[in-house]
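Quick one: this structure, given as structure tokens, is what I'll be asking you about.
Chain lettering (A, B, C, D and E) follows the sequence in which the chains are written, and residue indices restart at 1 in each chain.
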Amino acid sequence: MVPISIFGFRALWSPYFFLTLVVLFLLYLAITVKWRDRFEESEPLTRSELIYFSAGMLLVYITKGSPVDLLGHILFSMHMVQMAILLLVAAPFLIKGIPVWIWRNVFAVPVLGTILRVLTRPLVSVIVFSAMFSVYHLPAILDTIKLSIPLHAVFTITLFISALCLWWPLLNENDFAPRLKQGLHKIAYIISSAILITPACALIIFVDTPVYETYQSGEAWLMSMALCVPASTLSALSGTGLSGPEVFTSMPILYDQQMGGVMMKILQEIIYGVVLGKIFLSWFRHERDNADELTQKQLLERKRLSMYN
Amino acid sequence: MAHDIEIIEKTPAEYAYKKRRSDRLMRSQLMMFALMIFMTLISFAAVQAGFSAYFVIPVVLLLAAVQVGLQLYYFMHMSEKGHGLVAFFMYGGILIAFLTVLTFVTIIWW
Amino acid sequence: MTTVANSVGQKKGFGATLWDWLTTVDHKKIGILYLIGGGFFFVLGGIEAMLIRLQLLIPNNDFVSAGFFNELITMHGTTMIFLAAMPLLFGFMNAIVPLQIGARDVAFPFINSLGFWMFFFGGLFLNLSWFLDAAPDAGWTSYASLSIASTGHGIDFYAIGLQIAGAGTLMAGINFLVTIINMRAPGMTYMRMPLFTWTTFVASALILFAFPPLTIGIFFLTFDRMFGGNFFDHTMGGNTIIWEHIFWIFGHPEVYILILPAFGIFSEIFSVFSRKRLFGYSAMVFATVLIGFLGFMVWAHHMFTVGLGPTANAIFAVATMAIAVPTGVKIFNWLLTMWGGSIKITTPMLYALGFIPSFVMGGVTGVQQGAAPLDYQLHDSYFIVAHFHYVIVGGVVLAILAATHYWWPKMFGTMLSEKLGKITFWFFFIGFHMTFFLQHFLGLMGMPRRVWTYMDGQGWNLFNLISTIGAILMAIGVIVLIINIIVTTARNERVGNDPWEDGRTLEWAIPSPPPFYNFAQTPLVRGLDTYWIEKQEGHKGYTAAEPVTDIHMPNGSIIPFFMTLGLFIAGFGAMYRVDHSWGLGVLVFGLAFTFLTMAIRSVKDDLGYYVTKDQIRRMERGRD
Amino acid sequence: MMKGLKKWRLVTLLAALTIILSGCGEEYLSTLLPAGEVGQDQFNLLLLTTGIMILVMAVVFTIYFIALAKFRRKKLGDDHMPKDVEGSHKLEFIWTAIPILLVIIMAVPTVYYTYKLGDVSAMEATDEEGNPENLVVNVTAKLYWWEFEYPEHGIVTSQELVVPTGEKVYFNLISSDVKHSFWIPAVGGKLDTNVENVNKFYLTFDKESKDLEDGVFYGKCAELCGPSHALMDFKVKTLSPDEFDNWVAAMKETEGATASAESADAGEAAFGQSCIMCHAVSAVGTSGASAPNLATYGDRNRVAGFLEHDKQNTIDWIKDPQKYKPGNLMPAFDQLSDEDLDAIADYLLDLKVEE
Amino acid sequence: MDLNTKFTPQSWPDHPETATMEAKNKFVGFWLFLGGETVLFATLFATYLALKNSVPDGNEFRTETLFELPLVFVMTMLLLTSSLTSVYAMYHMKNYNFKGMQVWLAITGFLGLGFLALEVYEFNHYIHLGFTFGNSAFSSAFYTLVGTHGLHVAIGLVWLTLLILRNAKRGLNLYNATKYYTFSLYWHFIDVVWVFIFTVVYLMGVVG
């Protein structure tokens, strides 16, 4: 078995990507701390916001920059883990990490705000995300995307944005943009999004042949490696018998693929489970803290119902 | 006595408001009906036109799902107040329905 | 129309009493009916169990014949699950849940009574098979190839009887759901509902979603056996695995329908007899909901050896194991409820204490079975029998026995003897472990389940012998309980509102047994364990939410009885249609009769009646 | 330190378990004494999960007994009012997290073995000459007997499965009437024989059966299949590869054997008269017979899978099969004279391929 | 409750279907029942999908050749329209226009009857072709799924007739308003199921 370190430092740790993220992080600090007073209605950065944002950035780097990314090009199951973490963990973290007042300003930008408001409408966002996610995993599409660097970048970023839109209505607590107020609606939203990505996962899990060219040994696989391995390294490696994923793992390709589907589904279920738990908890707190008000409501309702009795 | 019925008359203004609202609602429902008919037509047409099954099946399924959503939310008023738990149970039912169908088309052989 | 006077109950003749019970729509009386019906079937199922155990006492026994043995296990399983455990739980739900939420009755009193009669006639139908033709003999799971091949009318009895009883269960489920959603007293927010109410709620939701698949599955079976269908006939393109899926899509949630109310019962008991509020209430509620939810995702763990392929097995294995987590949360919360409390060991508490170790043992073997490759060895062996009796008897039956002692004073106004209660417990508990503990090892030693007899020399003799002796001890325990009930009823020493003295929930705030309208005034709920709060503040009874007003009560009706009778008759028609020409006529007549009663019900207005303020005041005064 | 301690405890626990569990059961029948790799894998999983379960129970029981000992009202006094606590997030986190951890520990080997034991891709593998590399046995379950076909060799046998040790044996399983389930507890379990599709799996047999008490492993039908489900046993003979080859050769030699009604042997004649239409006496053939192949009857260990293998039982069986196996599909031959029965039994007991 | 209380359009409550405790119970209960029905039909659909075109050797009935879309299209239109007419009926119910409601409900009933008649015709046609209930597993699954829906329509029609006739003389009150309302929910639900039937059974059947 060959270790993946043969691809060299750049492929493993994506230094340029790392630098980009560092710059973004500095920008974040600058806006939220240094230049904050230049914005009206700004509020001081809270600790939890900082933590969420840093964690989000870190996860983005881990999934798209670190060796995980490279593995994700070799193993389909790793790719699915990467997707799950990027789309279902990093995305909500970033939303929560950016202070509300910034979001308010973003949504106030004339055209952009309107578009965002449409894209983050619950019905739209859940459909767009599921559609993009499912389409992405159609064998023909995935194979095409993985053979072109720009296409891959564009699609990854769009998918990520659609994930942000998916999470928005759940996390938002203000009226300037779409939000789901009631716990029940949130639950329905989560369940329907879980359902909508199931067909894609199920197909991946239950199809009985390897369907992704770019995850099988051969030309396509090697070409797709170009996405994260510098061309020079790759050409230097040619002739070392680099033929396909089997060089790095003993797992049969079909199992890798099925495991990918299963990993995606399980991770997604765990994440959604945690979110459901949180929704339940906040519902519980709401009921506990507003018990008197709820009682008044019940008394009124009782009166209404006995009016005609 | 509790079973003396109180009758509350609406003022003319209130009544007019109620009328207006229900007429507006009715108009939107009529539009939804038109939409539903339209979608049905598309479904049948897509099949008749003989496109590839890989295209037709997702499309007709999607249209069916949307149509059902319209029925539930517009004709059956599932979005109105007091339908929270109702919606919850409908979604629960749909989830289980979905799982059942999913297994029957995957892990029962053939 | 029932008048107020006779609802209050003067001395009545036998005929009038009978009529009263046949027509009652009062949730408390229906609760008692469920207890009687369920209790009867429990003893019946128990006797079947005893016969099973006697047959397996020694190798090569011929105490019963092979065919009869299969009828015994089938009827034992079916009776215990559908006609004993569930109805007994329904009995307590009916009697207690409306009281706990401060309601005067359930949402649909009429349907409540219909549900009971459906259960009862369904059970009767099923058990008449012993006398007519032959009893069902394909196991309580009635896997399709065997149940289609089975000759005689046995399986037909199973199909039709369960269809009728199942419809009743579904009605009861919807009824409880609506009752809990709509009829809670002011101030009873969801997060103040006692756990028994919560578990009833979730179990009812499971019923709502689990019973329709069963209905359909049984229809398929009926069609295949009686009307020329081909769902399960592989020579005609059919597929027997469909039955297995449908049965377990129903069957797995069904076991949680049984255990969740049991959890609820124990939650009440732990908290009352530890004199302490339930530890981690919100986590308990969430765990309940989560168990209900996950309960629908794991059914294929009963089908690991069917050959669904490694991927399906792996998914369902992991999902199955996940259920251990919320269940564990519950177990630890109970332990921590006791921790730091003031534990009084009454009979109900004794059952609760017996429950924890028993259920944990049953639960962990469940998780072992969830490990698919290991289950290849365990499936259909006595290990499985041991597992599910540990969870069912160690969980559900102990809960039912506990609830019997705990709520008996509330339902009947007199306390069961504590001494006899404890004797029952010890016989039952020791007998239970003796019977089922060794069965784990029998399974591991290669003994398949559902075997009519076994050869000598396989190393199973001793454990089977011990197991049978244990079963006898259990029977003695049950007999002591029956004696206890008779003695207590004869002695009839009346008790007050709160006989355990540490009651926390609303049912203990009103007289035992409660008046037919339950609460003279609708209560105002002031927190979790509202009666406990009132007592702490030195109040007597409960705070009222509104002044004394006239109370609207539903009318009794005989229609549910006749509606079900029609179906009962139609069932015979459907079954005998195949071999007698009159069958069709009977089928049509029965259905027509039912439809007629339904039409009468829908055309005849039934608006109920009022109990006036004065009458209430008089009755409440008469009590003190 | 803590960790080391825990590990140490787990190891002793497992060791103790192994001893306790293997103490019970018969070698030829118990899952606790695995005689093959599959059974061993499953047994290891049993040990692992049992270990975890005992740990869980130990924790629960400890808290339980301490609580019970410390907080009795008898001790605390009748008017002791405990403090009400709502809950504890820290504790709740602990008892959610630790079970999750334990579940993961169990889930990993579970998934691994599920795939490992489900891997039948090598079933159809052939060597250069197109000969199958692995032994494949087609099992057909019938009311209430088992038929084993060796398609590679063109032979069939029933009631007794004969397999070589030390290699993977692949099985194709189907049922011809109602559902049954194929289980050899000591070797590994178990797979259903459905009516509408062929199920596949493999087992390995690591121990020769001749040292066992009866010289065979016991096999069981594990799915309720009618009145005689309990009696639908079969036996498994495991032979060294050489002996197995000999056995196959001997089986092939019975080609064309039949029982003629005109034979001088009274037993053969009577058999040819009444029985040959259902029972074959040649082991060469394919599956699909309506009654067990009797070519190896004399080598058998049991009559009809479960009765003591002797002449009296053979006669009794032929006279009234229903008495011994209710619901089986062989008609009674009580009209046969005692001499005929005696001769048939002798004839049958002489049908052997082993020495 | 008093059946004789007379309302006027002005005093008629905004939500008559949930104006009393009994009404609200019925309303919630009926919705829950529909949730259960969803699972019930799902089981039928799942079975149908598993057994679709699953026939013994030599049997030539297949979805592709059996189903005819024009008939299904007409049936669909009838049922969809009846869904709209029942919306109209509820519109009048909420406005306390009893006559209007009854008329629209009657129209709904006739449309439903038309649907049912076509379905009977369709089944009859198949049976004459030899595609009987016992023809194959596929036929059993088909008739059971579509027939269960048809049975729901039939029950709905009986219910509707009883409602219309029973209340013809006494007009609208809070006691029967819920009954009308739940009927309309039921009817919409039947429509929802049909949408899936024509999609999954007929359209996907013709596509293959």
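What we mean here is this: contacts are C-beta pairs under 8 Å (C-beta built on N, C-alpha and C of every residue); 3 or more make two chains touch, one makes a residue touch a chain.
Values in this document were obtained by computation on a predicted structure and should not be read as measured data.
> From subunit C, count the fewest steps through touching chains until subunit D is reached.
Steps on the shortest route: 1.
> Suppose you hop from subunit A to any chain it touches, then on again the same way; how many hops at least until you reach subunit C?
Tracing touching chains, the least step count from subunit A to subunit C comes to 1.
> Taking the mean of all protein CA atoms as the centre, name the chain whose own CA mean is closest to it.
The most central chain, going by mean C-alpha position, is C.
> Based on mean C-alpha positions, I'd like to know which chain lies farthest from subunit A.
D
> Out of every possible chain pairing, name the one holding the most C-beta contact pairs.
C-D
> Cα centroid separation between subunit B and subunit C, in whole Å?
The separation of the two C-alpha centroids amounts to 36 Å.
> Could you tell me the distance, in whole angstrom, between the mean C-alpha positions of subunit A and subunit D?
Whole-Å distance between the two chain centres: 48.
> For subunit B and subunit E, what's the span in angstrom between their mean Cα positions?
14
> How many angstrom lie between the centres of subunit A and subunit E, each centre taken as the mean Cα position?
42
> Two or more other chains in contact with one residue: find those residues in subunit C.
As it turns out, subunit C has residues touching two or more other chains at 177, 181, 208-209, 213, 238-239, 241-242, 249, 282, 309, 314, 318, 552.
> Where in subunit D do residues touch at least two different other chains?
Where subunit D meets two or more other chains at a single residue, that happens at 115, 196-197.
> Can you list the residues of subunit B that touch 2 or more other chains?
In subunit B, 2-3, 5, 8, 85, 89, 92-96, 98, 100, 103-104, 106-110 touch at least two other chains.
> Along subunit B, where are the residues that touch subunit E in the complex?
Touching subunit E from subunit B are residues 3, 5, 7-10, 15, 18-19, 22, 25-26, 29-30, 33, 36-37, 40, 43-44, 47-48, 53, 56-57, 60-61, 63-64, 67-68, 71-72, 75-76, 82-83, 85-86, 89-90, 92-94, 96-98, 100-101, 103-105, 108, 110.
> Quick one: which bits of subunit B touch subunit C in the complex? Just the residue numbers, please.
Answer in residue numbers: 1-3, 85, 89, 92-93, 95-96, 99-100, 103-104, 106-110.
> Taking the complex as given, what residues does subunit C use to touch subunit A?
For this pair, the touching residues of subunit C are 184-192, 282, 285-286, 289, 311, 314-315, 318, 522, 524-525, 527, 545-546, 552.
> Show which residues of subunit E lie in contact with subunit A when the two form their complex.
Touch residues, subunit E against subunit A: 1, 5, 13, 19-21, 24, 174.
> Within their complex, state which residues of subunit D touch subunit C.
Residues in contact with subunit C: 21, 24-26, 29-32, 39, 41-42, 45-46, 49-50, 53, 56-57, 60-61, 63-64, 67-68, 71-73, 76, 80-88, 91-92, 95-96, 99-100, 102-103, 106-107, 109-111, 113-119, 175, 177-179, 181, 183, 185-186, 188-192, 194-197, 199-200, 218, 220-231, 233, 306, 326-327.
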